[in-house]
Every structure is written in C-alpha cells, then in structure tokens.
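In the two assemblies presented below, chain A is common to both, partnered first by chain B and then by chain C.
What follows is the complex of A and B.
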C-alpha cells in the first residue's frame, strides 16, 4: 500500500512537472512569436501628416490611403471604385464605390468622403495641374456613387489616370479639425489604406500601425516608424550605425535620395540595395524658344556631343544611360529598338555646331541648382564634354530662388531637368512636359512643337488602348527627331535595407512594406 | 627674429611659389575630366589620386592654393586699405567724424561673423568675388579700430606736433608720420586675419557660397569629398592638410611677429 502510494505520488509529481514544463515552454514560445516586429525607415521628406493646407506626402498616401482607381501598366484598374461609367465621350465619369470599405477609424467609406477630398484639393489648389483644373463639378448621387463632370475639351484617358494620383488619395472627413471642414487643418489624416498613422511629430517622425479595418491583406509588421532625416549623408550614417533598418528614396524620384555613389559602399558593407527604374528621364533641357536652341540641328548636335556612358559612370553605373530611347520600360508603350538614337559622336556634334554658326565665343550658360551636388557634378561633366566640341559653356551654380527666377525669365541656355515621373503620374506628366495647352506646361514644360501635338493628345487622351499605343509610337519618333533636349539617364527609386529586412516589394514604382518581416531579430 | 616667424614665412613663401607656378608644377589640367580614371587611388601618374570626374587631385590642390591665397590676400589688402583710411580719419579728426565712423564700426561688429557674408552672398549670388567682397565688408572694422587707437596716441606725440609746427598739411602728417607708425600692430593682426580668411573662404566654399565649380578651391574640394570619406579618403585629406598648413603658417607668423614687435612681451623670444 505504502509502495503504491509512493509510486502514485511520483507519477503525479512527474505529470505535474511535465505539465508545468509544457505550459512554460508554450508561454515562452508564444511570447517569442508575439515579439513586436518593428521597422524603422529613414526618409528625406517629412510626411506632412498634420498639415494646415496639404494632404500629405507621397509615402504617407501610399501607406495609409487608397485611390478610386490604380494605373497598372497602361490600364486603369478598380481600387476604391469597383467600376465606372464613361458618358458623353468621357466628359462625365460616374464611379461606383466599394461598399465593404471602412476608414481606419471604423467609419464607412462613402461618396461624401470622395467629395470631401476633392473639395480640399480644390480649396488649396492641390493636384491642380493634373486634375482639379480639368474638373467642372462633382455630384454625389448616393452613398456609393459619385459623378465627376469634366470641363469640355479636357476629357480623355489622361483624366481617368489622374484619379490614381497621389494627391487623389481619399481621406475621411474626420481627418480635419473641425471634422468635415475641407478647409480646416489636417488633425489626423485618416485613410482606407493598410496602415494608419499612430503618432506624428512634424519634421521628426511618423509612426504607422496596421489599419484594423483594412479590407485587404493585413500588414505583417506591428509598427513602421518613418524618421525624417533631410541630409542624405545623415541617412546613410543612420543605417550604417544601425539606428534605422532601411533608407528609402523619395517616392517621386529625383530628390532626397541615397547618394548613388554610396550605394556600392553600402552594398559592400552587407546592406541590400533594391532598385526600381521610373518612367522618368533626367534630361539636358535647352531653351528651345531662343537661338541657337530653336535650331533643331543644334539640338541634335547637343545629343551627339553628350557621352551618356560617362554620365552613367558618374553614378557608378547604378542608373541606366538613356541611349536607345527617351524613357525606360515603364513609360507608356515604349519599345526598345536596340539602336542608339544619337550615338556619341564629337566630330558630328562639332560639325553641326559649326554649321549653325556656334563657336567658342558663343555665350552659352548651363544652370545648375547648388543644393543638388549630383546635378552640379553632372553639369561639370556636360560642360567638359561640350568643351570638346569647341563650345565654351559657362556653368552657373545657383541657389533655388535665383535658379527659378532665371528659368521664369528665360535667362538660360541649358539646364538639367526631368521628364516623366512615378508610374501613376506618367500620362499626366508626359502631357505636362510636352503639351502647351496643359496647365502644367507653363511653369514646368520641357519642349513642344506643333508636330508633336496631334499624336501626343491622342496618345494620352484616347480611351482606346490600341489608338494610344499607335500614337505614342508616333510621338516618341517625332520627339526623337525634334530632339527637344538630351535624354541622359533613367531615374530610379532605391531602397537600402539591412539583410534581415525581408520581403520589401515594389508595387509599380513604389516600395511597399506591407509584407515585410524582420528575420533573426 | 623668432623661429616661428621664420617657419611661418618659409611655409607661406613656399605656398606662394606653388600658387604662382602651379601651371609649371602640374602637367595636368585641373579641369580636365576623364571618367575612365574616376576615383583612382594614389599612383605615380596621379600622386594624390583622382576625383569623381577623374580630375587630377594634385593639380586641383595646387591650383586651389592659387584661389585660396589670392582670395585671402585680396581680403586682407582691401581691409588694410579701408581700415587704415577710416581709422586714421576717425582718430586724427575726432569729434563728430570719429563718433559717426566708430558707431558704424560698432554696428558692423554687432553682426555675427559668418551671418553677414552668408547674407551678402545670398543677395549677390555665390562666387569667389562676392565672398571676397563680403569678407572684406565684415573684416575691415578690426583694422579701423586698431589704427584709430594708435592714431589717438600718436597724434599727441612730439614728432606730430613738430610736423604741425613746421607747417605740414593734415594729409601729409597722416601719410608720412601717422600711418608708418600705426601699421606695426596691423602686421600682426593682418597675419591672423589672413589665416581666419583662409578658413572663412574654405568654410563658405564648403557650403557652396564661395568658389563655384569647376574652379578648384580647397573648401569646395572638401565639400565634394564628403560622399567619398569612406571609399576615397585622400579626396579630403590633401585639401584638408593644405588648409591646415596654410592656417598654421599664418598663425605662426602672426604669433612670432607679435612677440617680436611687442616690447611688453619681451622681444627676441626665440622658441
């Protein structure tokens, strides 16, 4: 009896011990699994989440908002609008909205929110060039239907693509203080996107946490902190010192990026470097309205004079020289011909300049923006290349105000500029750079000619994809022949991240962190 | 003569020779771009390596001496001229003229030393010429104050009274009796000012307000080297060393001259 009791006690104690061990093990493993997964990103712009008269930065809009439609390749796809009807040849667009969507504060997404968003854009003249100037009126037809009336002559496919613009991201009327007033300051920008803003300190950081009401797949991370670090070198130091997990270029491209000549060093130090080419080309623009740049042969000579391989070498080969076509793969219906448009040929350039009467005494200035060291270096290189053709170019490194004044006054010959933009902006931006009737062209035009206009307008305006494709081909060919400027290289958006940051993806040209997880942390 | 003066003077003379003979000393054009030789380390062909555009760093450093020394001397000469003129007028004539000029000096001295040059180049645009103007506009006041205080003492001395008694005109007294005796302390001040000016020009060029690309200048060379501190440190080491050496030379010269010329500090202090 005594022995049986002893055995039973030992058994019971053993079972108890095993149970406790298993429970403890489970607790430990569950606590390991639930350790918060957080990512810290360095970004060169403030997200502007609580702005007085804005709607937030591009990164913010991608993180926490959606648009009515998305531009995917050369097609407009549903997003918050599940379908749309085009009436009167596109002069009326009726959007039918999703019914299963909620904002990150739990309130339902309705047509009133769309109207509120566009009222705010109109109030503060945001997105004006690309969209607002084209809209005559907006009509809410019910909780899930909204109609946009387009101004006569402004209708077309390009208008539809503009609904995919960053600033066309839909926000809740609860975003402002007081709520529902589109003219009031943003207090808590509330969208329908995968993330919501949990905390924001102007010019310091923005904290994103998953939006509990998101209709799509929930983000995997528990928190993403976007640190605003304006100086490029400081961003690089931040990732090298381990205080951030990733450094992200400005979503728009063209500025606030990781210095290209640091990318190789960072890669050698074990960081992953991710690249996505934009349908944006950095160009050498010339003041085509005045002599000698109004002469197509001089512009063509300029194209022959610039060695684009040297230009790419300036950026350690991280950017592709624009040798065979004006834009990279993501531009609408661009075709790789494989042939160089204007192969580097100094003799040909010198001959064309000479025939046009240009000599070493011809006064030519090349403007560069002093705050952009890469642009200054690029201009130094171009100056030296043009010197080999006998042209004596004066390099004027200017601060932004002076640069802008000289540009407005037409007091310049050559400058570095860009055409195109991020993918969702590619149609509106091409029109804005080449079509003098587009609102954007006045302050931001690149080159135009009556020969370009018919094909360009059909290319961006037609709802028929085949017609768009056909006309884009004509447009690209004409633009090549007219040589408005010199395409130099295709810009790109880079992400530099620690090796343990897994699953960074690009959706169109934008880095996304929705499926990111941190390994071995 | 203290050793410091001799060492300082020798370095400065060497730098001046280098600056003047830069085209002879360097066979390579400092502006010649060669992307094929981009960021090459130290070699026999390029003893100080090449920069981001494949330009020879040695040539740029030597030509940079030209730019920096010329700019620094220009500022000092302008300041000497203006400072002596204003200091003499204020000190010798006194009264309302002195009052007005010294208040002007007070106003100029109230500006933080770097803010005014930055504001001036902001208005006139960034260039080496504008930096020289901006620095001269802010630096002359020290010279003027120093000369004025010397003149206040000198004008009551016997040799000035004697010159007056002999019927010398005021301008002649200033020119022949006051100025030659007032410049001794200025020499020391000018040596220190030259070193400060070198630093100021380099600093302003570093932030993009001074010499404009592609002109080689030590400050803008340092600025260009920022992106390559890890991969190509020679890009900032050589221009940095040149700035340090030049500033050191002027400081040694100024220190030595002060010891030599100021009887209260004990002359002939040989270090």
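What follows is the complex of A and C.
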C-alpha cells in the first residue's frame, strides 16, 4: 500500500515538475535570444478578424486600416482621400484618393476598394455611426476618384465625419473569401494601416506585424500580439504575472476596461497608467416620456440631488466628475459654450421633488445591468443619494435580456447610460442620442425635445464651422435647461503598461503602439 | 448485452427530442429578444427597430415557436446544426473545435484529480479516524467548499504573479494548461477523495472482507484485490459524471484562464440568446451524457461480474 502511494506521489510530482520546467524553459529561452521588439497586449474583446458578417473590432481597424478622412478636433482632415469636393450643398461628395498608397499585400489602393468596403457595410446593414443609410449611391469615376451621392435632405457635415468612423475603414477586395465578394467572410483582412494581421486565432489572439507597404512612418516594433482575455480581473493578473506587457481598455470606452479600483494598486506596483478622457459622459438617464420624468422640474431636481464628487470617489478619483459641463473638453465647442452647472444641493432637490408631488410613497425603479459590477455599484450610490431627498428608489439588478426587454417596453424610471463616444464618433453620437430622426435614436436615444432639434441639426449638419459653433452653444445650454438626465462623469480609455514599454501615444482618444519600443528587455 | 445497448441507444431519440424542445421553448419564453441581443453584440451598440425586424425576418425568428422549432429540428436531423446568429460561424465546426480544446483541459484536470483522490481517499479509509484521516477530511471539506474560481485566482497569484513560474492565462503552449488543469484537478479531487473514502469504508465492513482477513490474507491484497473493485463502482460513476463538464461545465475556469473552450462559447451564446448554438449544446450535450452513462454501465460489468444487462426471462 505504502509503495503504491509512494509511486503515485512521485508520478504526480514528476508531472508537475515537467510542466513547470517546460514553462520555465520557454521563458528563459525567449529572454536570452537577441531581443526582437515584441509587445503583448491584453484586450477584453476578440478582434473578429475573420468576421462572417461584419468588419471587425475597433482596435483591429486602427491597427490594420485607414479611413478616407480623419476627424481631428472639429475639422475633417485628409487621410486616404487627399481632398474632396462638396457639390449641391453637400449632396454630392467627390473624394480624390491618394495615388501612393498600397494595401499590405502590395496591391494598389484604388476607388474600387472604397466601393467594396461600402458595399460590405450596406450588405450587412452596418449603418450604426457610418451613416450609410443616408447614402443614395456610390460611383467610381476612375482609379483615384469616387463619388458618394447623399439622399436629398440627408446631407451635412455629420455625413462627412462618418467617413472617419471605425467601420468605414477601407479594406481590400482581397480580404474576403471568395475575393471581391463584399458579402463573403473575411479571410485575410487587408488594409493600408501601419500593421497587418499576421495570424489570428478566434477568441485567442491576433498577431500584427508591420505593413511593409505602409506609406507613413513604419512601426518600430517587430510584432504586437493582442490576446483576448474576457475577464477583467484575469487581465490584471496577466500583466502582474508578466504574461502580457500592457492592458488596453476597449477603444470605444465604457466596457471591457481595467477595473478603475485596480488602477492605483497597479500604479503602486510600478506599472504605467495612461489615461485619455473621451468626449463621452456616463449619465443617469430618466424615462422622460412618462410621469414624473416628463416634468422638467423633476429632472432638474434629480440634477441637484446627485453628488458627483461622491460618484468620482467611487472610482478612486480616476474619472472626472461631470460637474460643470455635459461633456469633457473634447466634445465639439463645449469649452466655448461656457458652463452648464447644477450645483449639488439636496434642499433644492427635495423642494423641487415635493413641489412636483413626489413623496416617499412614489415607486421609482432604477435598473442596472448585473454583468457590470461598476454599474451596480454606481446605482447603489445613486439610490442612497436620492434617498436623502426623500425619494424611495428600488434598485433592480437585471440580466441583460430582461434589461433589454424592460428598456424596450419603457418599463423603467432611471438607468445608467452614456452619451457621446470616442472622438471620431462625437458628431454621429450626439445626433444619435438626441435627434429622433437619426438612424440610431430609436431605442438608443437618450433624450429629445422639439426645443433642441433646430440647434442640434445645424450644429452637426452645417459645413460652416462658425455656424456649428453657434448652434452647439445653443444646444448645450438648452440641453442643460431641459435636463434630460444627470451627467455623472467623463469616461476615459486607460492603458496599463510595464515601465519598459516606451512611447505609447494617444491619437485623438485611441492608444497607438506605432512608435513603441521595449527598453532593457 | 447488445440488446441492452440497442435499447439504450434507441432511448436517445426521445431524450433528445424532449430536451431540445424544452430548451427551445425556454429560450423563446425567457426575457430578452434574441434578435435584439445578438444585434447589440454584433453592432456593439443599440440596433434600430428596422434592423431588428430585418434580422428576425432573415433568421425566421418572426415565425411561431413551433414552426421555428420544427424547422430547426428538421435541419438538425439531417446533420445541419445551423449557423451562429451572432458570429455566422457554422455551429458544428465551432462546437467540434472547442470540444477538443475543452476535452484537453478536462482530461488533464481529471487525471490530476484521480491521481490525488484515489490514493489519498484509500489512505484515509485505511487509516480511518487516525490523525492523517482527520487532516485529509478537513482538507477535503475545505476543498469542496472553496469555489474553483477563487482557487484559480489563488493559483494564478502564487504561481504566476508572485513566483513567475507559469503563465497566468492563454492557450496553445504546453505551459498554459498547467494552472487551469491544476485548478480543475485539485478542486475536483476533493469530492472524489471523500467519495472514495466513504465507499471504501462501506466495503471494508462487509463480511467477505472479514473472511479474507480471517483467512490470513495480508492487508494490501485485501484492499487491492477484493475491496477496491467493489468500492470503485460509485467512484467510476462520479468520474463519468465529471465528463459532463467538458460540455460547458468548466465555463468559469475557462473564462478565468482565457481558455477558448465550450464553456466560454456557452456563456457567450446564453447572454445573446444565440438559439442555434444553445440548441446544439443541448442536443450534443444530451447525446454525450447518454453515451457516457452507457459507457459507465459497461465498465460496471468489467469491475463487478455480478452485474449483467441480460434481458429478464419470463
């Protein structure tokens, strides 16, 4: 008996030892080779590089592709299109494409590729933020010229900004299998960006290597591996253990991020913590179509009732409370619009609620998505803050399906939501959240009122920058008066990286790794 | 025996029919519109009503429940499990690929579990009520009470974060399997160890064991030749039941270690109500369970010749 036990124990220990030796041997051998500059990133989403019915994740598009234009500040700047002509008050947009650009497979970038990309967007009805539903037809006029005809009445600056959208990133017709079929699955995503996909394993990793045909400055690293790690805590453990060099939040913001309450710990452990605020605000939305939220004074009272400093403290101060403006400084003309403030004032809030007839007996539900612990935590805080004004709020933590059903059916009073988005979406997102005629508004709308619409449409639609500025000022101030909901804090995209990862940069709100190098590896 | 096997295999058809219908009905009846949830995940935003309507029409989700179910069933009967609503991937191809990934982890974990549980369970039973037995029982009780997820985090923290011995997450390299397999193996071994001990203690009390000892047989042959064969029957059943973990039962461990197996697929499919994927899980999972049970029944006959599946006469 003892012998059997001894043999089993030796066997077990041997298996463990072999496994550990294999692991250690691999790590040692990789560190002693002449160091190729490689970076491994943990990311909470799969890049979907072989998408059957889409165009892939945002990170993939930023690494792999370029767009016709870029939205920089409040101006549209050339990218793959070196210039464009606006005709018929913007109903026709003629893009003149760069002639010196090649795809990562060496084939030339032409207008046919642009047409192919937009055909794919149309095929899969990807009109969210691409505004393709506003496009009537596309005409290839030559290898380097392409014309977009916009539906009458749908033209505007917002349409031009949408050519900078992630999903509008241009791909080669060789990307699909069979080649040239815009409805076929992506098999070999080929773009013009600084990186090309060298290997992709669904739900595991995406390997990028420099695009040898890139027309701009070549990336400094030899390889970037983006590992898909869905669990937030596991991403933190991955960087702490050295399995990855950096952890990147979802490029869009708002989900798949490093837990804010872990950032200080990681910083104390010697990791770099980089932050870029987005023109995106997490808000307390109210169901303004039904009582009592259809009463502007109740909504204003709600704004007085929430202590935003406490909200920011919930995330260890890493996020800026939305105390003075609806959006952070990156939103269009927000700084020029002055401050739109509701100071924290419990007495004022209680008085307004009382005048509106709200008492402790009024049933108010606040719904939160159970799969997002931060949202639940935030809702618990809001519930306790509103209780101080005498409101009796019931917190419903719901599974995603039930949440979606209740939202669709209007069976809710309050919920946490977000307005705005990453910089390249800031125009389309503002329209999508406030304009009921935009393709995205439907169930994704935040708040609307006839008083907001004229200024909003001119603000996002006018090709004249001064007119946009004037109308944004009017829009922001009207939105403050109407108090659609309560701006809570400005969201941000964080990168946590080892100290030896140098030169991580943000271009607009997106982390870029094109000039990164690894020191002392 | 062949008759018994045939009978069991024939019973598979009603089992699959009933379970698949129940699961189809449950997906459709529970809150959450599959079209909306899938589109939300696909578009990474909220879909418009027109998009939702188009999606329903494209995938037949606007038809009555029975029509949807029968359409799915007809295709499944012909071996076509359909395509994932979310990713558009062929469900069978995806399932097969991930089954292999999960099976690797499960087999490694189960091997560790058996290597730990059997010797320690036997030792504990043989030394019943000794200090060693008490220590092992406390460890087993603690192990059963500790959630696998938490134990996995602890292992990552110690082996990967503090000691830098093993990679914390990932798939593809031999070293990647060590921590998830240890998590599964050690947590799984605790209940198995308790079962082995209990089962062995019961058999040790039987008359034939006393007789064997009275005849002067030494303790080792008594345990290995006479006690173990009988005592292992419930243990084999438990190990067999563990095989069910391959088809989605390791979701939390797989998510924690970014192990791209069936568990991760199931979690994703359940959150988006991806009907073809969930249905395939139910269908293939049920068939797998029935198959495993049949296999266990056959192993019983090898362990205990008294067990027979011959049809009753008269």
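Heads up, the rule we're going with is that the second predicted complex is superposed on the first by the 477 of 521 C-alpha atoms of A that agree within 3 Å, B and C clash if a C-alpha of one lies under 4 Å from a C-alpha of the other, contacts with A are read in each partner's own complex, and residues count from 1 in each chain.
What we mean here is this: a contact is a pair of C-beta atoms (placed from the backbone, for glycine too) under 8 Å apart; a residue touches a chain by one contact, two chains touch by 3 or more.
Model, not experiment: these values are computed from the prediction.
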Per the contact definition in the header, classify A:335: touching chain B only (first), chain C only (second), both, or neither.
neither
After lining up the shared chain so the two structures overlap, which partner does A:291 touch, if you call chain B first and chain C second: first, second, both or neither?
neither
Between chain B (first) and chain C (second), which does A:136 come into contact with in this model arrangement: first, second, both, or neither?
neither
Partner chain in contact with A:519 - chain B first, chain C second, else both or neither
neither
Who does A:507 touch here: chain B (first), chain C (second), both, or neither?
neither
Once the shared chain is lined up, is A:314 touching chain B (first), chain C (second), both, or neither of them?
first
By residue count, which of the two partners contacts chain A more extensively, chain B or chain C?
C
After lining up the shared chain so the two structures overlap, which partner does A:262 touch, if you call chain B first and chain C second: first, second, both or neither?
first
Who does A:395 touch here: chain B (first), chain C (second), both, or neither?
first
Which partner does A:233 contact after superposing on A: first (chain B), second (chain C), both, neither?
both
Between chain B and chain C, which residues of chain A are contacted by each of them?
233, 371, 399, 402
What part of chain A is in contact with chain C in the complex they form?
1, 4-5, 8-9, 11-12, 15-16, 19-20, 22-24, 26-27, 42, 48, 51-54, 125-129, 185, 201-205, 227-231, 233-234, 237-238, 240-243, 252, 371, 399-402, 404-405, 408, 439-440, 442-444
Would you mind writing out the residues of chain B in touch with chain A in their complex?
31-33, 35, 38, 52-53, 122, 125-126, 208, 212-214, 223-224, 226-228, 230-231
Quick one: in the complex, what on chain C touches chain A?
30-33, 36-37, 40, 42-49, 51, 54, 83, 87-89, 112, 115-116, 118-119, 122-123, 126, 153, 156-157, 160-161, 164-175, 177-178, 182, 219-220, 223-224, 255-258, 260, 264, 271, 273
Residues of chain A that touch chain B when the two form their complex
233, 259, 261-262, 264-265, 307, 309-310, 313-314, 370-371, 373, 376-377, 379-381, 383-385, 395-399, 402
